[in-house]
Amino acid sequence: MTSESAALRERLVTFMHEQVLPRHPDVHREIASSPAGHRPAVLAELKARARAQGLWNLGMPTLPDDAPGTRLSNEAFAPMAEIMGWVYWAAEIFNCHAPDLPNMEMLVQLANEEQRRQWLSPLLEGAVCSGFAMTEPDVASSDARNIRCSIERSGDEWVLNGRKWFVGNVGRPDCRFVIAMGVSDPEAPPTRRHSAVIVPVDAPGVEFVRHVPILGSRHRYGPHGELRFNNARVPVGNLLGEQGRGFAAAQVRLATARIHHCMRFLGAAEVVLRLMIERASQRHPFGQALIDRETVQHWIARSRLELEQARLLTLDAARQLDALGGIGARRAISMIKLAVAEACFALGDRAIQTFGAAGVTEDTPVGSFFAEARAFRIYDGPDEVHLRTIARMELDETGARWPAPLLPMLHVPAGL
Amino acid sequence: MTSESAALRERLVTFMHEQVLPRHPDVHREIASSPAGHRPAVLAELKARARAQGLWNLGMPTLPDDAPGTRLSNEAFAPMAEIMGWVYWAAEIFNCHAPDLPNMEMLVQLANEEQRRQWLSPLLEGAVCSGFAMTEPDVASSDARNIRCSIERSGDEWVLNGRKWFVGNVGRPDCRFVIAMGVSDPEAPPTRRHSAVIVPVDAPGVEFVRHVPILGSRHRYGPHGELRFNNARVPVGNLLGEQGRGFAAAQVRLATARIHHCMRFLGAAEVVLRLMIERASQRHPFGQALIDRETVQHWIARSRLELEQARLLTLDAARQLDALGGIGARRAISMIKLAVAEACFALGDRAIQTFGAAGVTEDTPVGSFFAEARAFRIYDGPDEVHLRTIARMELDETGARWPAPLLPMLHVPAGL
Amino acid sequence: MTSESAALRERLVTFMHEQVLPRHPDVHREIASSPAGHRPAVLAELKARARAQGLWNLGMPTLPDDAPGTRLSNEAFAPMAEIMGWVYWAAEIFNCHAPDLPNMEMLVQLANEEQRRQWLSPLLEGAVCSGFAMTEPDVASSDARNIRCSIERSGDEWVLNGRKWFVGNVGRPDCRFVIAMGVSDPEAPPTRRHSAVIVPVDAPGVEFVRHVPILGSRHRYGPHGELRFNNARVPVGNLLGEQGRGFAAAQVRLATARIHHCMRFLGAAEVVLRLMIERASQRHPFGQALIDRETVQHWIARSRLELEQARLLTLDAARQLDALGGIGARRAISMIKLAVAEACFALGDRAIQTFGAAGVTEDTPVGSFFAEARAFRIYDGPDEVHLRTIARMELDETGARWPAPLLPMLHVPAGL
Amino acid sequence: MTSESAALRERLVTFMHEQVLPRHPDVHREIASSPAGHRPAVLAELKARARAQGLWNLGMPTLPDDAPGTRLSNEAFAPMAEIMGWVYWAAEIFNCHAPDLPNMEMLVQLANEEQRRQWLSPLLEGAVCSGFAMTEPDVASSDARNIRCSIERSGDEWVLNGRKWFVGNVGRPDCRFVIAMGVSDPEAPPTRRHSAVIVPVDAPGVEFVRHVPILGSRHRYGPHGELRFNNARVPVGNLLGEQGRGFAAAQVRLATARIHHCMRFLGAAEVVLRLMIERASQRHPFGQALIDRETVQHWIARSRLELEQARLLTLDAARQLDALGGIGARRAISMIKLAVAEACFALGDRAIQTFGAAGVTEDTPVGSFFAEARAFRIYDGPDEVHLRTIARMELDETGARWPAPLLPMLHVPAGL
């Protein structure tokens, strides 16, 4: 870690301790009793303070020179993302929240000048928010080739038809646009059929159907919306990247989005683990504090072990991403997605059991952490898709790694 | 199974198929978009029809002769409870829902004539509902001896002070009373300190604090309330059973409540398994239906195995309860509580993974089944308390079961 | 349980307690320091005593009237098999050991008069032993259609060529013959290609290659041999059942063999659980007896739960087998094979951990129980084959079980 | 990695590929059919070649200048240990095998000049071998304070009485001495009671009881012996380190021994994973290669994930050991011991299931890898002891890590 990023990290920790954690009870209470998507007033104030301290647009290594931000490498940003993850409403203070951060990265890489001016700049300022519309309720979207929202050219416009859900941010009053994936070239080969277009939420034919309630309720803060495109129309200039290269475009946001997501989860996990220890110290069923029971101690130890391993793996993936790019880091990215989601799910489960009935309420971060972790085992690709990726890469490289001399070990009948 | 109970079962299945399942979409939509505790209008109509067919107050073997109901043994009622469990709002149609059914059993066993008239009769008619107020937010209630709500005698009244939560039904407009557990004899030995009293929800000093939101949202239908007793006052006649024998009183409802709970869960599980199979048949990621993938097939097979084992165990527990009573069946009850909750949790997890993103929404029974199953691993005693009970009984009976000749097997060094 | 079988059971328990358990240390020491297949001299004495008490050839419901034995139903025999399973060398005392018992059942069902006289009678007397030669080292034998040992007609003889391993009993001095499965009709449909023939171990061309050492060493007692048929020749009269119906023939032994195997394993598991409790009472690391630690208590409780569930399932499978035959009980048989092997494996693992270093030696039954349980997850069909069977039966019957009204539950978008 | 250690690593890989792997079938067959402890003749030849290439006494950072060896840091040696672990008989070729390597480290740190000359030098030359006698059959040795072998001063001698087992190397003809731990100061505080002494195997009163057979049979190569000290006498000069500081002395060997053990296991695991892939490509039950089945692919992917995480963790532990010493790296050491043993056990289990029946034989490395991994969950401290250590360290540092502001998150009742 360079001294610069160490200093930045230190400042971020201080900010979290002084500005964020003490406000959590009030902010959480306000969010929990407000409609989905509500932003507490204090947020704007905190954003201003964070930006004043240079804690703004961290990450995004290729951010243009004239844009506000720090341009940390993935490896350097990862520990920052973890710290922001301590509290579910914190990342936005630093303009490092999903899905806006990955959307910004996508725009940095792919947008033309006009698109940057119109869509990227307000995001970099934290003035508006945006969504990413990929998943569809009608198909198994874990295989992106199944996506069938149509994007047809009609004169100077793209016309979209289809349903999308799990669109982050959409439904928030300050949501200005979504990046939507759909089929623009139905006759092309499967991986060249899709394009990405920028769809303002107030474009004609864009229908906000509902907030989709998810397990637990943290989603009041970061609600997932359902959209319907009914002959929705956007200018041709809203195509992001090349036509038919939507998958390649999505790749741009994917690897970093996953690393950030993983690190934020690890941060939330550290808080949950700490709360679990506190709670276990306070409760005394059957004449013994929970913390003195072997079962709870083993839960703590296993969680520590799993988090530590997941963190080392994620940092290694960030290093690979910096060095090799998204394709080169693909195996590592699949591995962290799987490992972090499972470690957090296991921790969430143990934390609920430690908290008892309070663990399944909304009064503590434990229940919603568990629910989020459960959902995370599907978001960004379900466990099984990543297992498949890892297995395939293992099989591919297997021949190269080991010499033929190993094969006789397969069977050496030993006469006895 | 006698031919009588076979006929009853057949009638129940038909009722579920003809009257309940087809109405599910409408009823669920109504519940999901109404405030917690809302009862769809169709419910009253269905209750009347069910009662007309003799599908009313099934179970409760010791129901007095003049009360409406069938008096099935636990073994005979268990399969009925499973069928009612198919749909979360169904058991109430037959007046067999928690916590009213266990409350009725408690009143049947312990209430004096006046109490029966005043509190039991309206429940048996399904005219009102009731709660059970035991768990407290401030103590580890898994060890019931920790409960510290105070019940003090003051003239002709009992005065209650304390907080309770996870009080089923409370907050529903038709909720008339709760049975509250508290400390009446603080100087007595730990298991003789507590009493049970009937507390009308409109008694002075009874404060309804809030519905406690739980993971997921089925709880809009069966919400869990938080109550505060601020010098709440009830007549001395509201003591249920003997003073200082609250735990013995609670025992009455405990064993049957757990068996019913388990069987209803198994019924819900069968529906979830079936829906999972349907869903897996409809989704085709990566060129193959999910149902043709080994992973999904193994999930189905494991779930079938676990449900089958849990069902056999639960039926065996019901038989033991009929034959030996609650104490004699204690180990069996702990075993089913553990096994059913874990089997359902595992199934719910697999079903979510099969459904993908839809699995974590409220649009299907899958997400809330998972959340309910998670909570069930705490309700009615957390896993660890039941493991403890099973282990202790194993250790107690160990000496009796095996003769001394076994002991040499502990160590036979074999010179080689 | 009838009073007759209860009495028999009582006698068996007494025999085990008085005759078998006290002798275990000496017998085990003798076996552990002798060559594979060695039979302690005391065995003959015990066999005579058992037979004198009517504890001989229990089970085998269709045993001919003139043969020695009790003809218990599967349901009645299952608990006996469990008791015999307490000690690994006990079943043979009662002539109820594998693979001879399933071989006897096969001969009872399929052998002609001459075959019965020559091969069945000596087995029923416990005078000789026999093997079952199905698995082959060169193919994935979990799919029996892969078996490729050839059985060709040549004049008055069948000529066998191929390799077999995991042939129980073979290599014991008193082993007289094996029943071998091979391809007799290579052009027939896959399930009509194989035949079963009786192959005396001293037939020309039968080569005993070696005892195949398995994880652990209990196999010194019941060693698994490897055979090679090099133009091995047996008379045409040695065909067992019809030509090309080898699979149907094997079915005869399969269902009962699995039930017996499962019950014996459950018996061994009860002993291991008991020893684990004893050991945990004797060891005191870090100032506390292991038995007082929550981890060990949970291991005990989980094992009790899993064994109880597996036992209920196995008894249910035995009932189904009695009532419906092997085909009707197929799902149940697959379920017990899976459940018992996994429960025993988990118990064995916990027992080793409780015993510490001694757990991986041969000085206690724990290590070899673990190794046996591991192997059992492959013997009689690997876990995955049974999962596949269970899943397929679930899918087949799914349509019939649930009515169309259930389907709307698949997706009820609830507008909020 | 420095270029020097990269070159060394390259040379080691080449040596393994050219000299070791091709010889494996012959060497394994020879070992498997020889008495325990047998050393194939080719070993001496390979040792000479390895030494000639500088592949000798790698590791041991503090090796004196005049001793043969490379003095790699732990971080640099760890990948070498992994490579040596590919084949169970390879580490000895490079004089880097347990328990001799940790014994050498102990002697390097603690031995006086005379002891070095007499006991260390022959080990460094690979001329003799040695054991470490700590574990006792009569006590729970996972808590080293339980060890009760007595070491009493009598004139110019130490007199030992007690039993030891799991003493590596002992019983081999070339075993010259063991380092034995015992109670020298029974009245001292528990951690100051024990001393370490060097006990020649031919000292009067040293009785070799037996080879203790372990699950599986690789132990024919590295057998674990049982020793009895019957008033065994050694000169006072054989005390290693200070009297009463045996635990501190043992610490010296512990951390590095565990890292080496873990890395060798990871090397063996890579081979097993590779063999598993090969085997899965060759077997075709039910019309599909195992390798094309999702279950097997998931097994491969999970194993890859677990091995990768365990490897990163182990390398991190090696770095910590280099930087902070054994005490500072204590948590990391406990974590790798746990993680590697569990990852290897899981892989071994999956590999057996992939191999089918062959997996439980001795014909492939799979069965013994599984058995070794099972035993490894006890060796070097059972899982539960390490969980305890990790939990305690977590609790200790918990207060320091998080500020008080976090605590309000424990409970924020959200009124709804």
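Letters are used for the chains, namely A, B, C and D, taken in the order the chains are written, and counting of residues starts over at 1 for each.
Keep this in mind: a contact is a pair of C-beta atoms (placed from the backbone, for glycine too) under 8 Å apart; a residue touches a chain by one contact, two chains touch by 3 or more.
Keep in mind it's a predicted model, so treat the numbers as computed, not measured.
A.B. asks: If each step moves to a chain the current one touches, what is the fewest number of steps from chain B to chain D?
C.D. replies: Graph distance in the chain contact network comes out at 1.
A.B. asks: Tell me which chain's centre, taken as the mean of its C-alpha atoms, is farthest from chain C.
C.D. replies: When every chain centre is compared against chain C, the largest gap points to A.
A.B. asks: Could you give the separation in Å between the centres of chain A and chain C, each centre being the mean of its C-alpha atoms?
C.D. replies: Their C-alpha centroids are separated by 51 Å.
A.B. asks: Could you please state the distance in Å, as a whole number, between where the Cα atoms of chain C are centred and where those of chain D are centred?
C.D. replies: Here the centre of chain D sits 37 Å away from the centre of chain C.
A.B. asks: List the centre-to-centre spacing of chain A and chain D in whole Å, with centres computed as mean CA coordinates.
C.D. replies: Here the centre of chain D sits 41 Å away from the centre of chain A.
A.B. asks: Mind pulling the chain D residues that touch 2 or more other chains?
C.D. replies: Within chain D, the residues that touch at least two other chains are 213, 294-295, 298, 358, 362-363, 384, 388, 413-416.
A.B. asks: Name, in rising order, each residue of chain C that touches chain B in their complex.
C.D. replies: 17, 21-22, 24-25, 28-29, 32-33, 271, 273-275, 277-279, 291, 294, 297-298, 300-302, 304-305, 308-310, 312-313, 316, 335, 338-339, 358, 362-365, 384, 386-392, 394-395, 398, 401-403, 405-416
A.B. asks: Could you please specify the touching residues of chain D with respect to chain B in the complex?
C.D. replies: Interface residues on the chain D side: 209-211, 213, 226, 293-295, 298, 413-416.
A.B. asks: Taking the complex as given, what residues does chain B use to touch chain A?
C.D. replies: 135, 137, 139-143, 146, 165-166, 212-217, 283-286, 290, 295, 349, 352-353, 356-363, 367, 370-371, 374-375, 377-379, 382-385, 388
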